[in-house]
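Per-chain residue numbering starts at 1, and chain names A, B, C, D and E are given in the order in which the chains are listed.
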Amino acid sequence: MKDYFKNVWLGVWTALIGMRITIDHLFRKNVTVQYPNVHPKDKAGWMDMPSNARNRLYVDMDECNGCNSCARACPVNCISIETVRSVPGDAPPPLASGGKRNLWVSQFEIDFTKCCFCSLCTEACPTGAIVMTTEFEYSSYNRYDLVYNFVKLQNSMSDEKIAEVKEKWAEHQKEKKKEAVEPK
Amino acid sequence: MGLLNRLNDPIGLDGIIFGTVEDLLNWGRSKSDWYLQFGLACCAIEFMAVNASHFDMMRYGCIPRSSPRQADFVIISGTVTLKMADRLKRVYEQMAEPKYVIAMGSCANSGGPYWEHGYHVLKGVDRILPVDVYVPGCPPRPEALQEGLILLQKKIRMEEIFRKRKRLAEEDLANQMNYK
Amino acid sequence: MSEKKYIDIEFSQLDSERMRLFMGPQHPSTHGVLQLEVELDGEIVTDLIPHIGYLHRCFEKHAENMTYPQIIPYIDRLDYISSMNNELPYVMGLEKMLDIQVSEKVEYIRVIFSELNRIANHQIAIATFGLDSGAFTPFLYYFRDREMILTIFEKASGGRLLYNYFWVGGLAADVHPTFKEDITEAIRIIRDTNAEILNLLLKNKIFIDRTANVGILPADIAISYGVTGPILRASGIPLDLRKAEPYSIYERFDFDIPVGNGEVGTVGDCWDRNIVRFREMEESCKIIEQALKTFPSQGDVRENVPKRIRLPKGEIYCKAENPKGELGFYIISDGKDKPERVKVRAPSFVNLSALPEMSRGYMFADLVMILGSVDIVLGEVDR
Amino acid sequence: MKPNEIFKELKVHFGEEITELVENPSSDTYISVKPEKIDEICRFLRDNDAFKFDFLTLLSGLDLKEKLGIVYHLYSMELKHRLVLKTEVPKDSPNLPSLVRVWRTADWHEREAFDMFGINFQGHHNLIRILCPYDWEGYPLRKDYKEPEEYHGNRVPY
Amino acid sequence: MEEANFVFNMIGENWIAFAIISLLPMIFLLAYALIAILGELKISAFIQERLGPMRTGPWGIIQPVAEVVKLLQKEDITPDSANKPLFNLAPFIMFAASYAGFAVIPFSSYFVPSGINLGLFFLLAVGSLGIIGLLMGGWASNNKYSLLGGLRAVAQIVSYEIPAAMVILTIAVMAGSLDLQEIIRQQSGWFWNWFVFGGSGGWIKIIFLPFSFIMCIIYIIASLAETNRTPFDIPEGESELVAGYHTEYSGMKFAMFFFAEYANMFIVSAIITIIFFGGWNSPFGDFMGGPIWGVFWFVSKAFVFVFLQIWLRWTLPRLRVDQLMYVSWKVLLPFSFVCFLALSLLVMLK
């Protein structure tokens, strides 16, 4: 009998305690960050995005030497790079930071529908061309808009140029073959 | 809220009346999106975070419903496996028209990290459902999902309700003419 | 007793049809894509068959095709609520095989972040459990606090949920400068909220009625089912790998192992499981505070990170105390840069296998509570 | 108790069934056993007061090219020691006794090994697929596994 | 007793008057539902330190309008295996039952749609009609979750009718009438004349104050159960039963259920107001009295209880079915018996 009344009392009392807590919160300042109006990059408070946040990748084509190490490091193989070897004497312009380049990067494609944003590629890159940015607003209506070809985007090589270097390399190969055949 | 911007529409009186009504209807649908409580994988945790106090999905008029019948859109938040694909399709079919799909995260977009060796992973939810908005990220930030949501609302606002049938019929006719 | 038997016979003669209910994979309280085939007699669960595999993402197949550092992002995605804890046994195992000694600072950061992530995990566990019981508000209070922990992780690693932060031989990046202050502040707020939740949810009479004496798992059955983590401790067995087989630098810290003692019901019921998690959060706070006091701020976190990992031939079983139980990786190497086989001992998978045993004979509404108290993550169950 | 002591003890009791003790400085030590009486060995390990292996931590299947391997990781709650047992079965007849009656946790572990490798645990009450769908074909974690082209109308490869 | 209906006084007793009278609660109900839905969203948000709807109009205040516009457009699905007539009828029965309750609710001393002298009894009777709709919907959906929800709802409502009826019986004894207007008139004057404080007259009632308080609490709890609100929202308990009896409903039919739920919330709040808190009476004697202010007092008192329901919903967890029965039969009912006896004694002493 004592337990019965105790239970009934506890039922009412703990409910009242809970109600006191919730009414307390009713008049507290709310914590919501109103996203489109307050952007996380605005440095609005402790919730804002740090500068090392891992979001969309960016490739600086002026820095890329086409070494393919990011593609090898990528666990999901979302980076596909096509390069064309340059013929001697027709080397691509050097890197913006001064290094030498031997490869024409004719295609640098990152499929952001596959990327897992692990930042292993940025670690592997010897020149620091591929970096993680804080840009995250790139939702789209079309899946194929999420495949970024940085060569096209940055216009580092035009289609004609790609065709030209490819042709040059093919010719170079032919000549080499000839040279290899001639000594016989 | 732009209800009257169709007044400038050069279609005529039809356009004014239907355009205004259409705008109102679209406005209602875009501002009151009830979503299906449906979490699949990692992205579901970020999806829950979007519901939580800091991001508060309800600001957009999104109220969680656990029955697909009452939901307006579904957020595919995570990897869809082949075992799940049939069930997902069924859940989608149970939803009442008009219905929308947001593919959240890499896995839903194209299989994500599992696209290469995942023998049991559906490589992209668009193979079974018509996806309206693709939100990239693995998992996307809560803000990124909110951006996807705003895109979806924009899409709903642009929809045609009344003239769709007429337009489709006209297009059909034109196609037939071309065929002849 | 005899009377009860008599009643049972009476009821068995009644021609009542059993109902087969398929709960999930789309169901608000299956914590993901679990399917439970429930046989109901009225409201009583007479049988339960879990169908899992709706999130089978072929982790082990992927691991065989990846180099060792590339596996870490996939390990994050196993138990996506406590990614830091997931990475820890894997990198420790590899370090043991490669014979790498990591620096003091790395060990400290690893412990601090593991414990923070344990808090975050338990917050979600209790929050979703409250949600299952119908209390929506505690869920959001916990998520509000969890956001602080995630921000700390993001500032350190760059990722909000999946970090790829613990690397073999070190860490991906150094911690941010305001790391200590952020964590001290976070712990203060976590403790405040915990005090609130204790009154709002855990001590609520309705909540106690829902959870006490429900889903009892006796200790011997728990061991036989291989259950680990808070569920085992709630059954009264103080097994915690941090104490039993101390790894990293856990032996330096002073903390207790909370066990279930049946305060409001029986040992090993749903309430015990939650209160164990709840108290573990406090213990984690204690560990973090101690670690912050002696935290060595000097040192490079990446000095021992090998450029290329090639394991010697052999095998290792490395384990650590995940928030959900003993997480183990059984790594077999054949001397190449890719593992021959990586097998995961997923605590959720094992814990879930005890669910039918726990829930038989309880009511359908209890089933939801029992499932919630097991605290599964389907990414880990199905792998 | 160290694995070599356990090995000696087991050798006394089971003789030929216990093949060898494999020690490797950089990795775990394990005991190789023959598959036929694995359930008896495990029951002995569980019930003997010197071992008290009451906890099956992990049961994993392996693909060893010609054979299939099964690895048991055991742990004793009371004595706090661990043991690894390894056994091999031929690929064309992968049969060995089930351990469900020794440790109940073996139930799902064995189903998983069956699902992934096609190891047939005799005496298991419910040996069906667990992770893959029930009508899935092939054993995915075998090294020679080829993923199907189509499953229920959905294309599988990317 | 003057006839209390301003419509009849103004245009006489003809069919136009009847039409107007029957439509007035509907207009009120529509406005109320919009406010209550918004209130629910906003209050829950503020309790959880969120903001709630923000992007539909300023501070999201026209969110419910958008919802109605949306629900009007949704496809109305009738499942193939459902029992179609019952499935389609259920929401209407549910709504009609709650709307019928408005027939006797006195909004003011000069307005009650139908001034029958059995008002209290009518409310009790009509309030239980709704469960037929519930059960119909649950059964006809041919969904196991719906069926479980429907059955639970019936069990719950039927058992909570009894403590509620006990409370109403007590009030009938105290007021000596079943006419709602009469009950309210007996509580006129200052707020200590309300039945929650033991009714008018006599210092002896101070001894009986605890009993009348408990009676009030019993009715509040029972009313929560009758409207399926937390902690008694078992019929639609999301975590177990997906959405309970309305799992299969979509579009406008679902809106009817939704609407009926909010209408029910108002009805029970109105009953609490009428039988315990003096209905349209001003709490401070003649201050702000009169029929026009009466509407204000009545509606604002009722809204306090609607707020209480919302507040409780976002605080408490949900009970289990057997515990629900326990609360009804073993807690509320004995307590209501004791209080009934005590308050009857009070009536005799007065």
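Some observations on this one:
The rule we apply is simple: contacts are C-beta pairs under 8 Å (C-beta built on N, C-alpha and C of every residue); 3 or more make two chains touch, one makes a residue touch a chain.
Keep in mind it's a predicted model, so treat the numbers as computed, not measured.
The set of chains touching subunit A and also touching subunit C is given as B, E.
Counted as hops between touching chains, the shortest connection from subunit C to subunit D is 1. Here the chain at the heart of the shown protein, by mean C-alpha position, is C. Distance from the subunit D centre to the subunit E centre is 62 Å, each centre being the mean of its Cα atoms. Distance between subunit A and subunit B, defined via averaged C-alpha coordinates, is recorded as 25 Å.
Once the centre of each chain is set as its mean CA position, subunit A and subunit E turn out to be 56 Å apart.
Here the spacing of subunit B and subunit D, counted between their Cα centres, is 47 Å. Multi-chain contact residues, meaning those touching two or more other chains, occur in subunit B at positions 37, 53-54, 56, 59, 66, 83, 110-111, 113, 115-116, 119-120, 138, 141. Shared interface positions of subunit A, defined as residues touching 2 or more other chains, are 11, 15, 18, 21-22, 25, 30-32, 34, 47, 49, 53, 75, 116-117.
Looking at subunit E, one finds that residues 45, 47-51, 54, 238, 242, 314-316 touch two or more other chains. Chain pairs that touch one another are A-B, A-C, A-E, B-C, B-D, B-E, C-D, C-E. Residues of subunit C touching subunit A in their complex: 66, 69-74, 137, 141, 144, 147-148, 151, 154-155, 157-160, 162, 164, 172-173, 176, 182, 196, 199-201, 203-206.
Residues 7, 10-11, 13-15, 17-18, 21-22, 25, 31, 46-47, 49-50, 52-54, 73-75, 116-120, 123, 132 of subunit A touch subunit C in their complex. Considering their complex, residues 25-28, 32-33, 53-58, 61-62, 65, 73-74, 77, 80-81, 124, 139-141, 143-144, 146-147, 150, 160-162, 378-379, 382 of subunit C touch subunit B. Here subunit B touches subunit A in the complex through residues 53-56, 59, 106, 109-113, 115-116, 124, 126, 131-138, 140-144, 146-148, 150-151, 155, going by the rule given at the top.
Here subunit A touches subunit E in the complex through residues 8, 11-12, 15, 18-19, 21-23, 25-32, 34, going by the rule given at the top.
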